[in-house]
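Two complexes come next, and they have one chain in common, subunit A, joined by subunit B in the first and subunit C in the second.
Entry: the complex of A and B
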């Protein structure tokens, strides 16, 4: 099973790559030891969004389904966590609230995905239908300010946002600060490795085959709709995980994390990073979030202008993504220095390998 | 009795006008080039700001609105030349590029002009039938929506440009081989599309608060209308708007705006399950 960690669908293999992986992981684990708690909290905040980016990478880069609805499921699970945590009374029940809210997002994705995928909605329309649903949810939540909008004791509160839910808790121990950071790192490692195994497995190969040519995949006997729905549910579920963690992190969520311009952010991260590879998405999204947060301190609008400019620059200059492009150049240079003849063989990574 | 009937028509006309005016420009660009202009809302915003700016300078409303539409159209031609032109073979990338543009424009506007601009108020004028009072301007908007459809019909069915445009739409390579300058046709069509977006903003400018993010108010309606309308403006967008306006009107009247919008979205999601290529695919097939 661990053989699936490497394969034709993911970049990076061999001792070199995994040594780098372990060094980065060790660095991430050691970080709270020499950083102050404010920075650790900020880092945990960046990590929240990575799940959403990885989910979009799976759907868009591997499955060829450009969903603009990541924040829709982010919002469903985010509000879901709040409502459930308040209604179930906090404490250890928050862990159940987290799991249930992600399931809720996945069910919503299953329903929306069924109608779109079985209806045969193609590339562009897939994007605008998911975006329409996202904006409608944001508008709906925006007008729930009145006291009549509540689920049990949980008030939705319109644009002011929902608050008052407990953070993730085990017994009497609030998972906050460094503890939350370690939970995030662990979850990211699990999700990242699991996604690598998924895309390199048989299912992953069918997902990629569907992206390359749905008719051909169908002629080979696969019901591509089931694979697309599976991809959409997993990808959207990861957005849901981000949403639930976000609400738990700040004990707060507003409709502005669902609507525009929030809905564009996952697209920018993944497009800029390189949608066709999980590792590139992981690294690129983290860098962008870091940069975005640094600029937001001075001016949120300026940071968003920069994000828009990055999106435009990416599609005009490097449609495959900047991080992926730079990573490939670096890898080629490294290999070229050691084994010049291998560079040619590496050119097309979708081609079958001998080793 | 007649007052109730008129009241129903008035509510229908109000929603219909909103759907047609906000979707027509998007539908033209999608129909001709297969591109969805994600900056559509920003062209609407542009139309609204230019209108209000000109009116505050003392230009009469109607003239300001025309100038706003023309401005949006010219900016559209420029955007087509600089950005959209490169992406006709990569429709998904055109979505991303125009979305990037939309982010840049909205947020720069927020930085430069700030969040609110002094509005100009809806033109006075109302009339009464039975016990109900109606705003005249809402009927003017309905008239404009019908005029836009009639205008598009004339341009695309009765003029030489229209013939060449439809030929380009059907088979761009063949039209090019026969001497049509498809590049220019695309640029003009994109300009017409964004000009119509500007017109929409210009017409609704007196009725709403001007904020740089106002485009978002229109995009859901324009998206869903184009999704179920499909690629043909006259045979798709118009019937789609009639259909959605009926649903919306019924729900608005009994449950309010937001339920109306949710109901419309649900209807669209149910319809695409049956008609993924939109209403126009059915109507065009019948017509042949």
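Entry: the complex of A and C
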């Protein structure tokens, strides 16, 4: 099973890659030992969004489905966590609230995805429909300020945002600060490795084949709609995981975390990083989030303008993604030191999309 | 015994009738060639059989089961496999992964690896197995697609102009390959323009013209039919 960690669908293989992976992981685990708690909390916040980026990478880069709906499912799970945590009384039940809210996002993705995919919506229309659904949810939640908008004791509160839910809790122990950071790191490692195994498996072969040529994939006997739906549900579920973790981290969520500027962010992260590779998306998204947060401290407008400029630069200069492009350069350098068959395979893997 | 029965099938695209009231039977174990001038409806009939187009009228039976309403993947699971007219491969994926994707439902582990190697060698693609499929020549892409179709080990193999873009030597070799698969029991339905190739492989021939069945029989009997020669020379506009 572990041999699926490496394969034609993912960049990085061999002892060198996994040694680097372990070094980075060791650094991440050691970070709270020498950083102050504020920075650790900030890092935990950056890591929350990585799941959403990886989910979009799976859908867009591997499955060929450009979903503008990541913040839709982020919002469903984020609000879902709040409603469930408040109604279930907090405490250890928050763990169940987290799991159930992610399941809720996946069910919503299953329903929306079913109608889109079975209805033959694809290409740019997939993005338009998912964006529309996202904006509908943001608009709906924005007008829930009145006291009549509540689910049990949980008030939705319109643009003022929902609050009052407990953070993730085990017994009397709140999972915050360094503990939350370690939970994030563990979840990211699990999700990243699981996605590598998925895309390098037989299912991953079909997902990628469907992106390349859906008619041929169907003519090999695959019901491509099921594979597309599976991809959409997993990718959207990961956005839901980000949403639930976000709400538990800040004990707060508003419709602005769902609306248009927020919905565009995952597209920028993944496009800049390199949508066709999980590792590039993981690294690139983290760097962008770190940079965005750093600049936001001084000027949120400047940070948004920079994001727009980066998207333009990506489209104009590196359509395959900047981080993936740098990975390619590194692979070019490394290539001469490996067997020719590996070199050819790597060259194929890293072929620019517009060539 | 018939493997495929096409009964009164028509296909209209708006005001254009591409296939009109076609009845066609393909017997199990035969190599059946569909010929006809450009625009005769051959490829449309193929797409109707495999489910890429729904028929406007008529029904299609496969192994006595009515499959008219079934989607393409379900027909493939029943034992059909097609090579399309234009090469239809996964161009951004390596050649081996193309074959692997076709094989993975039927075989796994070392059996699959061995079959991948066998097919790649059979199709003269072993040396290029790590290349992207899109980097292959047109003829090689045809071979690759034939390999993907064969990987499914179908009861019925549909080949739409399998030798387009191939040299005479490659065309002859393709014919010999098809005959060898047929001798192992595979039924083959081929659309082809190359008469030398048709002569090499065909056991029965059906001529389509303007969307209708124009003639059927052995190749020799067909070629002796003056009307068939005339439609190929463009002298007849209707049957």
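Keep this in mind: the second predicted complex is superposed on the first by the 340 of 355 C-alpha atoms of A that agree within 3 Å, B and C clash if a C-alpha of one lies under 4 Å from a C-alpha of the other, contacts with A are read in each partner's own complex, and residues count from 1 in each chain.
The definition used in the following text is that contacts are C-beta pairs under 8 Å (C-beta built on N, C-alpha and C of every residue); 3 or more make two chains touch, one makes a residue touch a chain.
If you're wondering where the values come from, they're calculated on a predicted model, not measured in any experiment.
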| item | value |
| --- | --- |
| Touched partner set for A:199, first subunit B, second subunit C, both or neither | neither |
| Touched partner set for A:222, first subunit B, second subunit C, both or neither | second |
| Touching partner for A:8 - first (subunit B), second (subunit C), both, neither | second |
| Subunit B versus subunit C as contact partner of A:133, first or second or both or neither | first |
| Touched partner set for A:260, first subunit B, second subunit C, both or neither | first |
| First, second, both or neither for A:209, with subunit B first and subunit C second | second |
| Subunit B versus subunit C, judged by how many residues of subunit A each one touches | B |
| Residues of subunit B defined as touching subunit A within the complex | 34, 36, 83, 86-87, 90-93, 95-97, 99-108, 110-111, 213, 216, 219-220, 223-224, 226-227, 258, 261-262, 265, 268-270, 272-276 |
| Contact footprint of subunit A on subunit C as seen in their complex | 50, 52, 71-74, 76-77, 81-82, 84, 88-94, 97, 100-102, 104-105, 130-132, 135, 148, 152 |
| Complex interface listing, subunit A residues touching subunit B | 66, 112, 115-116, 118-125, 127-129, 131-133, 135-136, 139-140, 143, 259-261, 264, 267-268, 271, 299, 301-302, 304-305, 307-316, 319 |
| Residues of subunit A that touch subunit C when the two form their complex | 8, 202, 205-206, 208-209, 212-213, 215-224, 341, 344-345, 348, 351, 353 |
